[in-house]
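Each chain gets a letter, A, B and C, in the order it is written, and its residues are counted from 1.
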Amino acid sequence: MLKKNTLRVIVLVMTILLMVSVALVGCTGSSKEQSNNQSNGSKTENIAEQKKPVELAYWFPHGNATDKTALEKAVDVFSKANPDIKVIAEFVGGSGSGQGITDKLVTAINGGNPPDVVLFDRFMVSQWASTGLFEDLTDLAQASGIKKDMFYEFAINEATYKDRLYAMPFDTDCRVLYYNKKMFAEAGLDPEKPPLTIAELDEYAEKLTKKEGNRYKVLGFIPWLSQGWLYTWGWSFGGQFQDQSGKVTANHPDIVKALEWETTYAEKYGIEAITNFSSASGGDINPFRAGMVAMMISGPWEIAGLKEVKDFDYGVSYIPTPTGDNFNSWAGGWSYVIPKGTKYKEEAFQFAKFMTVEEGAAIYGNDTAHFMSCKDLNDTFDWVKNEPKAKIFIELFPSSYCRPPIPKGQLLWDELATATDKALHGKGTPKELLDKVNEKVNKELGF
Amino acid sequence: MLGVKNIFPNKNKKEVVGWLFASPWLIGLMAFYIYPLLSSIFYSFTTFNGITVEKFNGIQNYIDLIHNDVFWLSMKNTFIYTIIVVPASLFLGILLAIILNVKTEGRGIYRIIAFIPTLAPVVAVSIVWQWLLNSQFGLVNYILYKVGLPGPPWFGSELWSKPSVALISLWTIGTTVLIYLAGLNDIPKNYYEAATIDGAGVIRKVLHITLPLLTPVIFFNIIMGIIRAVQEFTLPFVITNGMGTPANSMLFYSMLLYKNAFQYFKMGEANAMAWIMFVIIMALTLIVQYTSKKWVHYMGE
Amino acid sequence: MKKKINEQANNILRHTVLLIISMFFMLPFYIMVSTSFKTQAECFVYPIKWLPENLNFAAYQDVFKIIPFGRYFINTVYITAANVLGVVLTCPLAAYSLARLRWKGREFLFFLTIAVMMIPYQVIMIPIFILFSRMGVIGTYWPLIIPQYFGIPFFIFLLRQFFKGLPKELEDAARIDGCSEFSIFSKIFLPLCKPAILTIAIFQLLNTWNDFTGPLIYLTKSKMYTLQIGLQQFKSVHVTNWPPMMAASVLISLPIIILFFIAQKQFIEGVTFTGVKG
């Protein structure tokens, strides 16, 4: 009895091992096939070059067709011009929040498997650089003749941490006021005269609002819709988010004023009635495009989308300021970084340079209708020449700001968004809320 | 005599067989659960930032958390959500399983329909629900408006945001229903036949046969429901784009944990959060486990 | 006669209830399907359009243009099949041991099995990644498959509940007949638990099919990607083109809907409880 039992168990264990190994064979089989493919690929090149090229693993999170095609086209051009460097471009998905490839990159660097060059959200460069995740590019940039003034000021600020360069600025964007010309005409406003001061903005917003029963059919303006973050309005009201010493100044009097002004809209129109107009919880519905909001703060990517809508007549203008002058905007964008631990820092930098100030940047900007951080390129793009609405963005770039490049950038962003949200819902006054943000973030920064 | 001996085989042999049967899982448990757990405990006492451990930090991470009101808010949010979703899915799950277990033509089709929501990718599902529940443009409120009812603000208000997530979560109740259905199927038919002969009605049959015999499955679903609700991450994360709006009412515990780990680089604090969560779920499970002796009936014992 | 009318009324009532429930479950899915035939501009028309203006297959063509759907499909099927096989092999063994075999440490192991489910994935992700990295298997399918061959606590727990629910007379009778422990397990208990095992197979299939985080972290070559990662390629930072995204979602869920259709007859309706019911 006992023997028979043991035998059975042994047979069972063997069966499992067999099954496991079958699965294993399946695995190795496929990976072998893949490595074969790869070696075949490099073989053909070997014959041509006689020397094995350096292989660079390049990660980018831009999955949509236009961006991806343009990036791959640029990689092709680079590979042809540099036969000793082979760039292996891989799309790497983001983790839902659209902020790029954070969790994958953290684990990859952690496990000792980092890529050589990554297309990375510029906003997070300081935070990652301060943790020691990226290579310092200052010396390489100097040696290859990269100068700070080749880029817009905000872009180079955002790529720098403690006076060292950690990223090569790639594309960029800034925010403007979009307004619906047809609705302006219907409300008796001059479609060629968008609001310039905050007072005008409030007045127009009221005139453009239409109500049907107790539902809003059209809202003239919602300050926090789309790209109307507290950063946008803080700067528009003349505030600054960081002082000379590097301390965060989220409770700057002008930022408090900006938030107080935003809350007047929440009170006047009712926060719940308008919350779902805002994109964060509205499922990507664009109310401006749907003709349900007459004015909106947004970035240059709207232009392509609005072209698809039939007979949509709109204009772009400066973000209004209290005084009606000193217009500014906030700018963001992407950049190339080199993670710590790569063997091919110089080759990776050569590629990053190609993508940011050389032909790669030109190809990407022209094909995707993006602005580039490299100043001189933007006027050369065909799409800029054919698109009159592009002018205002290029005009605003020199007076645009970037979010403070601090090691706690994400925390500050989240805290400001939460404070705005709370203020709009009447959970505390703007002053108290922003004081708290300021205290918390500065404490984290070690002030 | 020999036969009798075989009915009660010697104790040692049974021990060995038990271990052998469980051995693959023992290896898996050690490699993929216990080892990461131990490293997680270690990290929770350090200033781990995801890449390097800068220093040993004692219980500072735990102290920081206790003094952080966002931490408490996320715990409150998760607790409220759990209170809504666990009883609701228990009740609706059993009800739906019983309805779908009744012999009707096309029963298979209805079952598939109830299961389809769990098959669709979350990214697509959450966006569709946001369209449906959008208070201004959404179909649901449009219908309510046409009928003359006031439409709730759904994701737009602090009061409604958690019930809205719970609604989507209940929409994917299919897996739970499936477990109940499999459980219902295991109840011997002759029990019902005997009850019919005794003249019992439908409700009595459900109360006296179905529910008691379903208790092992109910026990399972309650524990899994608690674990899932407390760890809810994807829905609120995708819906609010990781922000937890409005007014932080959708900032769930796991979301804050994720943000700490991968956005603020406070991996040490994230691990501390995980352990606090562990203790809480453990306590809840032990309560359920303790009471289970009174209400869970195993036919095998 | 009266009884017949009653029955018919009952029938109608039953179907009405089922239809209302079905509407709740189908509405969002219907929107997903109808959006996949719309143009981007049509997605945001208010009030919502039940049907697209004209049946537009452009989104489906886009799916195949944007991602190598066939390749991702095969990759996903491969990983899924390997995983389902894994859990079906190991989980019943462990569950049976926890439910029906008496040995020292059994209760403690059960306690651990439940306990380890309570730790969120986000914190064990990095240690496990380091483990696989030391084994040198990052960038292969290994890290996505191996754990399934060593048991998944959720399934072990589920099966244990089922094994525990079976009458004791079953094994007593078998012991009297002189069966070994393994044949009691494989010849008596395993066949009886077929519905439960099919259930865990379906769950594992769903988990792997819809898993995003695992492939995201472990795969580094785009030709090895799965469908869920492919789906990410339809999202972009500011503006998402919804019809292709919905079309891809429909295409991704269609195979498992069909599979479930075939399987449900097998494991919910077809299985009889011969040992006990007679």
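As a working rule, contacts are C-beta pairs under 8 Å (C-beta built on N, C-alpha and C of every residue); 3 or more make two chains touch, one makes a residue touch a chain.
Every value quoted in this text rests on a predicted model; they were computed, and no experiment measured them.
Participant: Among the chains, which is located farthest from chain C on the basis of C-alpha centroids?
Facilitator: Centroid comparison gives A as the farthest chain from chain C.
Participant: Would you say A-C or B-C is joined by more C-beta pairs in contact?
Facilitator: More contacting C-beta pairs are found at B-C.
Participant: Provide the C-alpha centroid distance between chain A and chain C, rounded to the nearest whole angstrom.
Facilitator: 34
Participant: Could you put a whole-Å number on the gap between the CA centroids of chain B and chain C?
Facilitator: Measuring from centre to centre gives 15 Å for this pair.
Participant: Do you know which chain A residues sit against two or more other chains?
Facilitator: Chain A, residues with two or more chain partners: 1, 5, 9, 16, 95, 98, 103, 106, 110, 284-285, 290, 292.
Participant: Provide the list of chain B residues touching at least two other chains, using ranges where the numbers run on.
Facilitator: 6, 9, 17, 24, 50, 123, 127-129, 131, 137, 261-262, in rising order.
Participant: Quick one: which residues in chain C touch 2 or more of the other chains?
Facilitator: 44, 46, 90, 93, 126, 149, 178, 181-182, 232, 235, 242
Participant: Within the complex, which stretch of chain A touches chain C?
Facilitator: That would be residues 1, 4-5, 8-9, 11-12, 16, 19-20, 23, 26-27, 30-31, 34, 57, 62-65, 67-68, 90-95, 98, 103-104, 106-108, 110-113, 115, 284-286, 289-290, 292, 299, 301-302, 304-305, 308-310 of chain A.
Participant: Provide the residue numbers of chain B that touch chain C in the complex, in ascending order.
Facilitator: Contacts found on chain B: 3, 6-7, 9, 14-15, 17-19, 21-22, 24-29, 31-37, 39-40, 43, 50, 96, 99, 102, 104, 107-108, 110-125, 127-129, 131-132, 137, 139, 142, 171, 175, 178-179, 181-183, 185-186, 188-190, 213, 216-217, 219-220, 223-224, 227, 231, 233, 254, 257-258, 261-262, 267, 270-271, 274, 277-278, 281-282, 285, 298-301.
Participant: Applying the document's contact rule, which stretches of chain A touch chain B when the two form their complex?
Facilitator: It comes out as residues 1-2, 5, 9, 13, 16, 95-99, 102-103, 106, 109-110, 127, 131-133, 215-216, 272-273, 275-277, 280-285, 287, 290, 292, 408, 410-411, 414, 417-418, 421-422, 425, 427.
Participant: Residue numbers of chain C touching chain B in their complex, please.
Facilitator: For this pair, the touching residues of chain C are 11, 14-15, 17-18, 21-22, 24-29, 31-32, 35, 44, 46-48, 90-91, 93-94, 96-104, 106, 109, 112-120, 122-124, 126-128, 131, 147, 149-151, 153-154, 156-158, 161-168, 172, 175-176, 178, 181-182, 185, 195-196, 199, 202-203, 206, 210, 228, 231-232, 235, 242, 245-246, 249, 252-253, 256-257, 260-261, 264-265, 267-269, 271, 273, 276-277.
Participant: Hey, which residues of chain B end up touching chain A in the complex?
Facilitator: 6, 9, 13, 17, 20, 23-24, 49-52, 123, 127-131, 134-138, 145, 153-158, 234, 237-248, 259, 261-265
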